[in-house]
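Two complexes come next, and they have one chain in common, chain A, joined by chain B in the first and chain C in the second.
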Partner chain A sequence: MRHLVCISALGVMAAMAFGQAPSGETKPAPATKSWNQPKTPWGDPDLQGTWTGDDCIGTPLQRPVKFGDRLYLTEQELAEREANREKTEHSDLEQVVAPGQAATIGGPEHWMERSRRPCKQTSLIVDPRDGRLPDILPEAKTRHVGAGAIVSDPKADSWEDFDYYIRCITRGVVGSILPVIYGNGQQIVQGKGFVTILQEMVHEARVIPLDGRPHAGPNIRSFMGDARGHWEGNTLVVETTNFVGNTTGVNGNGGGTPTSDALTLTERYTRTGPNEMRYELTVDDPKTFVRPYKVLLPLTEEPGYRNYEYACHEGNYGMFNSLSGARAKEKKAAAAAAAAKN
Partner chain B sequence: MRKTLLVVLAAGASFLSAAPAWAHHAFAAEFDLDQPFKFKGTVTKMEWINPHAWIHVDVVGDDGKVTPWMIEAAAPNALLRRGWNKNSLPKGTEIIVEGYRAKDGANRGNGNIITFTDGRKLFVGSSAGDRGAPSK
Partner chain C sequence: MPDGKPNFTGLWEALGTANWDIRDHSAQTGPFIQLGATGAMPAGQGIVEGGEIPYTPEAAAQQKENLKNRMKLDPEIKCYMPGIPRANYMPFPFQITQSQRDIAFAYEYATSNRVVNMGKFKEGAVDSWMGTSNGHWEGDTLVVDVSSLNGNSWFDRSGNFQTEDTHVVERFKLADADHMNYEATIDDKTIYTRPWKISTVIYRRKEKNAQLNEFKCVPFTEELIYGDLKKK
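Coming up: the complex of A and B.
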């Protein structure tokens, strides 16, 4: 794998030397060793296994402006990213607390899963060329956004003030595959005429018929939409429509501006090696974004990696504690106001 | 060692700030920055649940009174991938916990620093697994 990284990085350098900025390519990179796409017993390309985007944990969805139109890191930047990754890995194995380390209000390092290799990309968005989200339409900006985990002092009158992930309902299709700090598993199981993708967090199962049947009618909607798949060569193409609008967004964990009922997702899953998969996603929501955009996320299969059940709500003390904390804060403020009056 | 750790912590912090998403829920909604705590407790059970595991400990006060506390830990998914499971922290184990108390004043806290009494951190391990080419 390190061999592959070096070759790709050198290729990027060569392209840049010739004055060509690497673009968000849409064709799969050629495998560096000969590998034949395995087939299922009934002849479909075999994509089965448990895949994860862990290697791109921490790679932002939107490209930092300093990178401009550049999708791939330079060899030096990649080496720096790998050095940081190694430091984090060593830090995770430190047996004792650093002297003077103070406790913080969040979770410590053991809450987090890690990448195994440095992600080569500057962003997950590859189109538009600047790797940034397209502009959001004015009406979309007015939609209610439930508080997510990074909101520092959320309104907490009711569970409805929180986002769908904190409520343990769903992260939506895109929010269930963009890598976050844990729970990034995607288990693909195939049967004749169907592909099912079991997304680890929040254990959604997407059942995707391949027989060309039409989508469900427009009044039948789901938080995960209604998916239809077909093969283009060895690539599984999945088109998903029929989303319930105003629930999840399409950023990590389903955050960001909630998308509308006009959202269409087109995904392309292409296995590029025994343990590597290329995942391309087009997000098209004409009621939310001024234009469609594309995401590219490399997925890998790791030895021993399995989905573990994420039965989110069974122990959702966090929701209870957040509401209880808000009520306590109100009581304290009311008591202080009453005391100030007297 | 200290310098390396400081570098690592800095790297870790910048790594975290680049991450688009944090954990499941809002800590600032649950826990109170004005109520830090640090104590030694004896594990009575570990709730191996989603979204987060919780460690139950008995804490003995200066007056000898025993108070049960609940300490928030990682999601089982993350712990499992670091090589820990629901049996890894047996009842009776003594641990030292540092964190912040629940906003409503209940005996709950986040377990930001958790060690055994000999100073070793709990849940040490790497989820990254073997580096290099996957073995298939």
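Coming up: the complex of A and C.
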């Protein structure tokens, strides 16, 4: 329910204070002064809540070349980003589709989730130093990439021409965390021996055992992988392996070059304040990238923000319409060709 | 648990054949004859207390119609979310993660899930497949009120059905560390003549390496759902 999420988000925007900046690239985040990491009754650091990466919506995964090795915006650049953010906030409140006008394929602006404060980073990738994806191996470049949401006239011979997100299967682990236009909620629920992370889009539930058990056997493969967690101080470290290869990539919504079955993801969740979390991710896929790389972004908890049921496949009219539209076009073209012959 | 509540955290699964029919049923040919014995329906004791679902005459006719057309209509076949209570007794495990506040249910089938809100009662903002779950403790029993169901779910493969007016109240109670008694009271004046109840036992999965696996079933259904729209 993107409408409801956004309306509640707008309501609280004004009341929100600015979040804490992420610290240096690789050093652990210092805790906010006069804030102590709360613990669960059984003594684990308590990370529970519904978190989003909304503040970095629009911040590119890869750093624009003009920033070079610089991770953080200058005061002036930050002020510009804040001005843009405020402008968007205002325009969202206005009616964007005038009576009698057609909505665009993107839907009205007020469907979108927005940042509440400007993201301070120039890119989400923090290592390599230039914030760019490492080179992709030649074999990986040959992998099939299905058409995503922004392709306006996709090849539609079969559902297999579309990506896993459009097919309502998954956005993969990374695609489910990187902030996109909406549906960025991550609800963390902890039990004794487990952390479960529930993601609104596409109704994922990652159950992460903390008891030190080995990974599932190598013949058990899945889209969301096999996650194992442990605590390093107050940081939850999650290592995920056993991916089925060639499905989702590691960009927003699971786009980009699909990763391989050799992918290992290492995530570090560190709460840095009552409503702030530092999220660090290392992507290591020796069959796809020439070297591992690292992503960093702040997650925040916003009052009133909650996950809704994202029943995607159950109402995937987009797939019906894309396929039946393509067949109708072919039929029309065949009829025109037959008429021209006669 | 430190708060004195029983600990439901872990992997659970119901046994039995209620997903075929929640009422008593004999063994019979399955809906897809090519599967032979592997697709046949096993006999089983029902989980409906008193044996019968108190349908109104119209609803009873609807159930028969559903059964006749189950290959087209059963949401399980299309990998749609199973709804409540069906998710709890499908032949797939589910993981409960019980915090000191909310309680998450992650079901293996279709990666469906829900979080039971244990705080102040929250109205469902919108109808959904898995509904809105509000829970509280009555002694050692976890009581979950499920409302705002969208009415598209079935109880089983036999066409027993619910509507958007269906209200479910579930009761989870540990019999011992590894067994729980599960009960659900189902009420819907539009199709039942009175509230009725199901009850079954759910077992903790004890294998050393047991874990929630992934059953993202959309890819298993696309040929069935979209096959006639594929380029010839």
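Definition applied: the second predicted complex is superposed on the first by the 299 of 342 C-alpha atoms of A that agree within 3 Å, B and C clash if a C-alpha of one lies under 4 Å from a C-alpha of the other, contacts with A are read in each partner's own complex, and residues count from 1 in each chain.
Quick note on the criterion: contacts are C-beta pairs under 8 Å (C-beta built on N, C-alpha and C of every residue); 3 or more make two chains touch, one makes a residue touch a chain.
Keep in mind that what you see is a predicted model, and the values were worked out from it rather than measured.
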Fit or clash between chain C and chain B when superposed on chain A: fit
In the superposed arrangement, does A:309 touch chain B (first), chain C (second), both or neither? both
Give one of first, second, both or neither to describe whether A:211 is in contact with chain B, with chain C, with both, or with none. neither
Considering only touches as defined above, state whether A:252 meets chain B (first), chain C (second), both or neither. first
What is the contact status of A:135 with respect to chain B (first) and chain C (second): first, second, both, or neither? neither
Using the touch definition from the top, say if A:168 reaches chain B (first), chain C (second), both or neither. both
Which partner does A:60 contact after superposing on A: first (chain B), second (chain C), both, neither? first
Between chain B (first) and chain C (second), which does A:324 come into contact with in this model arrangement: first, second, both, or neither? both
By residue count, which of the two partners contacts chain A more extensively, chain B or chain C? B
Quick one: classify A:181 as touching chain B (first), chain C (second), both or neither. first
Output check: A:194 vs chain B and chain C. Expected answer is one of first, second, both, neither. What do you get? second
Give, as a whole number of angstrom, the minimum Cα separation of chain B and chain C in the superposed three-chain arrangement. 6
Chain C-contacting residues of chain A that also contact chain B: 1, 168, 308-309, 311, 313-314, 319, 324, 326-327
Within their complex, state which residues of chain A touch chain C. 1, 4, 40-42, 48, 157-159, 167-170, 187, 189-196, 198, 202-205, 207, 209, 213, 216, 220, 222-224, 307-309, 311, 313-314, 319-320, 323-324, 326-327, 330
Considering only the defined contacts, which chain C positions touch chain A in the complex? 1-3, 7, 9, 79-81, 95-104, 106, 111-113, 115, 125-126, 128-130, 152, 209, 211-214, 216, 218-219, 222, 226, 229-231
Residues of chain B touching chain A in the complex: 2, 5-9, 11-12, 14-16, 18-33, 36, 38, 47, 49-52, 54, 70, 72-82, 98-100, 102-106, 108, 110-115, 119-136
Which residues of chain A touch chain B in the complex? 1-2, 57-61, 84-85, 87-99, 101, 103-117, 147-154, 156, 162, 165-166, 168, 178, 180-183, 200-201, 251-253, 255, 274-275, 300-305, 308-319, 321-322, 324-329
